[in-house]
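Next up, some structures in C-alpha cells.
Next come two complexes, and both contain chain A; in the first it sits with chain B, in the second with chain C.
Let's turn to the complex of A and B:
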C-alpha cells in the first residue's frame, strides 16, 4: 500500500480529470431541453447538491481510513449483503465506463471518423484504458497531472467565443420557474459525475482528512464553474431558437471559428477533449477493476483488468442507433444518480446509526 | 629458458626514457588486489625451488609464446632472480629502466634487498599464488627470488592510449573540449581533475569471467543516495558472463525495462557532463576499454541538457533547451500529423493553403503513409551510409542523397514536395537531441505514430501520445522516476528541464535523484545583496 499512495494534490487532479468527460459537449443542449435558457442556473444548483454528496463520501471514507468502497460495504452491511452491494457497485462503475465509451463513440463517429467501424473506435479506447489500469493509482495520478494543462487550451478556445456573444439571449433570468430549474439540475448532476471516484481514490490519499475534503470539494467547485462557464457561453453565443437544433453546441460553436493557421477549431478541440474522456474512462475502469478484485478475492486489480476492459468494450458495442444510445444514456444516468450521488448519503447514515467505524479513525 | 650471465644484453636502448608516470596509472588497479597477509595458506607459495615455481606459474598459460621468463644471476651475491611478464602488454623499456637498471647500473654492487627498498613504491610483495595470473594479465612484471615464499610485482604497462580529443558525437561550441578515451585511469583522472573532493569515491568492479573487464563506479560520497550506489553495485555484481565487451553489454544487463525504447542511462563521452551529474547526486560508470561513460539514475530531461546551455546566457540557453524539447515532439509527431491531415482531416487546413496542398498532392499515386515511409527510410539509409563510410566519401553520399534523391523523387512524381519538407524538418528535429540514444529512440518511435495516424487520424495520434506519455510516467530507473520534474510534478525542478534557469537560481539538486544533500549551496551573487 505504501508505494501506491497519492498526495492530496494528486487527488485533486484525479477528481478534476474524472469529472471532465463526455458530458461537457452535450450538456448545454440537454440542460436546455429541460430548463430552457436557465440551464446554467440548474448547473450551479447541481454543483451545490453534489457538495453534499462529496461531504457524505468524505465522512464515510473518513470513518474507514484507507478503505475503498468495496471494503467499506461489507463492514457496514455484513458479509453477504456487502457482497451483493459490492457486485452492484462494480457493475455500476463498469456501466459508467460503458456509458463513457458509448458517448465517446457516438461523438467520434459523428465528428471525426465517419467511416471507421464503431467497434474499432471502442476497442482502441479500451485498449488504451487497459494499458493505463495495469499500473498503480500513483502513476495514473501523475499522468492526470500532466494532461491537466490541456484544459487551459480548451478554456482558451471557448473564450474565443466572446468575440461574438449577445448577453441579451439569457434574459429574462429565471423565466422557467424555480421548480423546473431545480428539477432539471438532476441532469446536470450526471454531467458532474466523477466526484464519486473519490469513493475509491480517497483510500490511497496520504493527506490529512481536512486536506482531502478541501481538495475534493475544490475540484468539484472548479469543474462546476468551468461547466457553468461553458454552458453560459453557449447560451449567449447561440440564440435560444438555435440551441434546440444543435445537439453539441460547444462543437458547433467552435466550428464557426477559423483562424489563419487552423480552419476547423472543433477538430483540434475534439482531439484534446478525447484525452479528458480517456482520463474519465481510465478512472472508472480502474474503479471497476478494483471491484472485480474484491469480488473474486484477487491479489491485485491487474489480474481482473483485461476481463473488465473486454466486458466494457463488448457491451459498449451493442447500442448502435441514436435512440438506443439515448436510452442507455437515460438509464445509466439514472442509476449513477442513485448510486454515486444519493447512496453515499444513505451509507453514511447507516454508518452513523449503526456506529460503524474503523479503529484509529481520526474523527469521532 | 634463457639464462643471462650478462643481463645488460637484454637492453635494446641504453638510455631508456624514464617512463615514471605510466606506472602510476595502474597503481590504483593494483592496490585493490594488494594483500599483505603473510599467513601461508594452501594456495600460497610453497617451499619449492625457483625452477619448480616458474613451471608451476606458467602452467595455466598453456603454450602462449608471449609469456617470457628471464632468469638473472645478480653479480653481487650470486643470488638468482627470475622476471616473468607477458611481452605484448608490458613496456620493455620500463622493465629495463625500473628493474634491470637499478640492479646493475650502479657501480656499487647491490643485492635484491637494497633494490626492494629503493623501488618500494612500485614494487609490491605478494604471497598468494592465485594472484599470479591476474597480475600478469594486468601488465605486471613479476619477480621471483630464491626466497620462494613470496614474489614481487611491478606495474609496467605498455602505453597504448590515444590522445584526449573532443568526442565527435557530443561537440559543443563553448566549454571544455576534452573527452574520455579507452583508458580507465586516464578517464578517472579527467573526472578527478574536475571534482577535487575527497568525497569522490571510486569503486572497481570486474565483470566477465574471461575478459575481466574493469568498471569504475563513481559517486560523490556525501551527495549520492547510498541506495542507488548499492543498487548499481548489486546489479553489476550479478552479471555472470564469460565475456563482457562493451558498455552496451553492461547497460543492457542492468537497465530496468529492457523492452522500452527509451535509454535509461545517459551515455556520454564528456568528463564535464559526468562531473556535473555526479555533483547532482547521480552515479556514474566509467569503463576501461571504452570512451563511453554511463550516468544513472537519469530522467528524460537529462538527455536534453547540453554543456553548451550552461555556457550561454541563460535566456539563450533556455531558448535552445526549449527548442530541443520541441524537437522531440516535432520529430515524433510531425509526419504523423501531416499524414493525418492529408488523409483524414483536410478541413483543418486553412483556406489559403488548401489549393497549394491539393495541387501538390494530386498527382502522387501513393497513399501518404507510403510516401512518408519511403522518405523516412531513405533518410535513415543516407544517415547509416554516411556513418559507415569514410569522411571523404561521405560528401558524395550527401550529394547523392540530398540532391539527387530529394529532387528527383519529386520530379518523378513519387513523393510530394510537402512530404519532402516534412521529412526534412523531422530529420533535423530528431538530430538536435544532444544524446545519440535518445535521438535514435525518437526516430524509431515516429514509425508507430505514422501508422497510427494513417489508420485513425488525429485520434490515433492522441492515443499514441497518451500511451507514450504514460509509458514515460511508468518508467523508473534505479528507483527514481524517469519523467521526473513532470511526473511527479515538481515545479522547482522545472528550472533545469524545459528551460535553463540562471546559475544563481539553480540552488537545489533535482529531487528525483534523492540526493543526501538537496541544497547545493549556490549563493553566487552575494555581492549583489549587500
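Let's turn to the complex of A and C:
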C-alpha cells in the first residue's frame, strides 16, 4: 500500500483534472437550451448541490478508511447485494469512460480530424488511458499535477474574449424564473462530475480526514468558479439568439480570434483540451479497472486493465451519428446523476442507520 | 539511451496521414465576392493569387479570378471548384465582399457557409461594394500587382480606414451576434472601385440581415465616434468651424482624438416611451489649424466651443439618418431589452425606433496642438 498512497495535495489535482473534461466545451450550450441566459446561475447552484454529495462521499469513506467504494459496498449491503452493486458501479464508471471517448471523438472528428477514421481517434486515446492505468495512483497523480499549469493557458485564451463582449446580453438577470434555473442545474451537475472519483481515490490519500474534505471541496469550488466564468463569457460573447445554433460555443469563440503567430486559436485550445480529456478518461478508466479487480478477485488492477480499455473502446465506436451521440449522452448523464451524485447520499444514510463502521475509524 | 532512441521512430507515426491538406494541391482564396445574377442566382467570385517566377528571380503575383453561379452560396463554390484544377480552400480568406444589390437582400444566407465550416477564416473582413462585388475583385489595381494579392490589398485598405476611424472594426464573427440581436444592428465598410484603386466611401448600415443605407465619409467618422470607440491609431477628422474667413482654407480645423468617453442614457417612461441620449467627452489634439493662434486660453476655448457645436450638429445628423434608415447600430433596443424587459416585450421595436427621441451631444476638450501654437 505504501507506494500507492497519495498526498492530499495530489488528491486536489486528481479531482480538478477529473472534473475538467469533455463537458466544458458544450456546457454553455446545454445550459442555454434549458435556462436561457441564466444558465450561469444554474451552474453556481449546481456547484452548491454537489458540495452535499461531496460531503456524503467523504463521510462515507471516513467511516471506512482506506477502503474504495468497491470494498465499502459489500460491507454495507451484505455479500450478495454488494456484489450486484459492485457490478453496477463498475459498469457505471466504464460507461462514463465510454461517454468521454464518444464526446471526445465527436468533437475532434468535427473540428480537426475530418478524414481520420473514428476508431483511430478512439484507439489512440484508449492506448494512452491503458498505458497510464497500468501505473500506481501516485504516478497518475503526479502526471495530473504536471499538466495542471496548462489550464492557465486555456484560461488566458478565454480571457481574450473580453476584447469583444456585449455585457448587456446577460440582462435581464433571472428572466427565466427561479424554478427553471434550479431545474436546469441538474444538467450542470453532470458537467461538474468528477468529484465522484474521490469514491476510490480517497482510499489512497494519506492526509487527515479534515484535510481531505477541504481539498475535495475546494477542488470542486475552483472548477465551479472556472466553469461559471467560461459560461458567463460565452453568454456575453454570443447573442442569445445565436448561441442556440452553436453547440461548442467555447471553441467557436476562440476560432474567431487570431494573433499574428496563431491564426486558429481554437486548434491550440483543442490540443491542450485533449490533455484535460485524457486526464478525466484516465481517472475513470482506473476506477473501472479497480472495479473489475474486485469483481474477479484479481491481485492487482493491472491484470483487468487491458480488457476494460478494449471494452470501452469497442463500445465507444458504436454511435456514429450525431443523434445517437446525443442519446448516449442523455442516458449516461442520467445514470451518472443517480450513481455519482445522489446514491452516495443514500449509501451514507444506510451506513448511519445500520451503524456500519470500520473498526478503528474515528467515531463522529 | 537506447530506450529513447527506439522511441524516436514512434514520432513518425504520430502525424497520421488522413487529414493532410497538401499546399500544392490547393488554391488559396484570398478574396471572395457575392452578387446575385439577374435570375436570382448567387454569383461567387474568388481571387486566387498565384506567384509567377519572373526572370530576375523575383516573385511576381498574378491574381487569378474565377467566378461561377449557383442556387446557393455553397453550390456556386462547388461549381467554382470544378473549374479549377486544384481544390479551392477558403481557410486563408482575407475579405468577403457583397455587391450592393446582394447586401440589400440578405447577407446571413450567404454567410452561412462561413459560419458552418470549421476551417473557414472567421476573422476575414466584410465589406459592401458599390455596384458589383465581382467588379471590385477583378479590377486590376495598381498597388497589388507587384507585392500581394487583391485580398491582402483590400484588407489593408480597410484596416487603414479602421485606423482612421472611417469605418468600425468588424469581421465575420463580430457581426454575427449583432446580426442575431433584435435590439442592435451593425455597419460595414462601403467600398467604391475607382479605375486603379479602391476608395472607402464610408459605412453601409444594416437592419437585421439587410443593408438599408450608407453614411459617407467624413460623417462616417462621427458615426464611429458615437459607437464609443475609445480611440484608434489615427481617429482624425477635419471640420469647418468658421464661415467668414478668407481664403476658404482658414475656416477649417483638423484634430485627432486622443480620448473618447461615451455615456449612453436611455430613459423609458412608465407609459413605455423611449428616449435616448449619447454624450461624448473627447480629448483632442489639433493637428491642423492654419490660423495659427492657439496661444491664448480664450482662443482655445473658442475653438473648443465651435468644434463641440459643429460635432454635435453632425452627430445629430448621423442619428437622424440612422433613424430614417431604421438601423440601430448603437444598440438602443438592446439597452431597453436589458434594463426594461417588460416594456421591450410590449414594443414593436422596428416601428418604435424611428420615432424615439434620440439625441447626441459632443463635448470637445483640446489638450494639445502639436509643436507650434
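Please note the rule applied: the second predicted complex is superposed on the first by the 363 of 364 C-alpha atoms of A that agree within 3 Å, B and C clash if a C-alpha of one lies under 4 Å from a C-alpha of the other, contacts with A are read in each partner's own complex, and residues count from 1 in each chain.
In this section, a residue touches a chain if its C-beta (ideal position, glycine included) is under 8 Å from a C-beta of that chain, and two chains touch if they have at least 3 such contacts.
The shown structure was predicted, so the numbers you read here are calculated from the model rather than taken from an experiment.
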| item | value |
| --- | --- |
| Three-chain arrangement built on chain A, chain B and chain C clash or fit | clash |
| Touching partner for A:258 - first (chain B), second (chain C), both, neither | both |
| Partner chain in contact with A:238 - chain B first, chain C second, else both or neither | second |
| Touching partner for A:113 - first (chain B), second (chain C), both, neither | both |
| Touching partner for A:135 - first (chain B), second (chain C), both, neither | first |
| Contacts of A:278 with chain B and chain C, given as first, second, both or neither | first |
| Which superposed partner A:343 touches (first chain B, second chain C, both, neither) | neither |
| Superposition clash, chain C versus chain B, among 5-13, 149-157, 239-247 or 275-283 | 5-13 |
| Shared chain A surface residues [contacts with chain B and with chain C] | 112-113, 116, 120, 258, 263 |
| In the complex, chain B residues that touch chain A | 344-345, 347-352, 456-463, 466-467, 469-470, 473-474, 481, 483, 486-489 |
| For the chain C and chain A complex, residues of the former touching the latter | 16, 18-19, 118, 121-123, 171-174, 176-182, 331, 334-335, 337-339, 341 |
| Residue ranges of chain A in contact with chain B within the complex | 10, 108, 112-113, 116, 120-121, 124-125, 128, 131-132, 135, 139, 142-143, 145-147, 258-264, 267-268, 270-272, 274-275, 278 |
| In the complex, chain A residues that touch chain C | 110-117, 120, 164, 166, 168-172, 175, 237-242, 255-258, 263 |
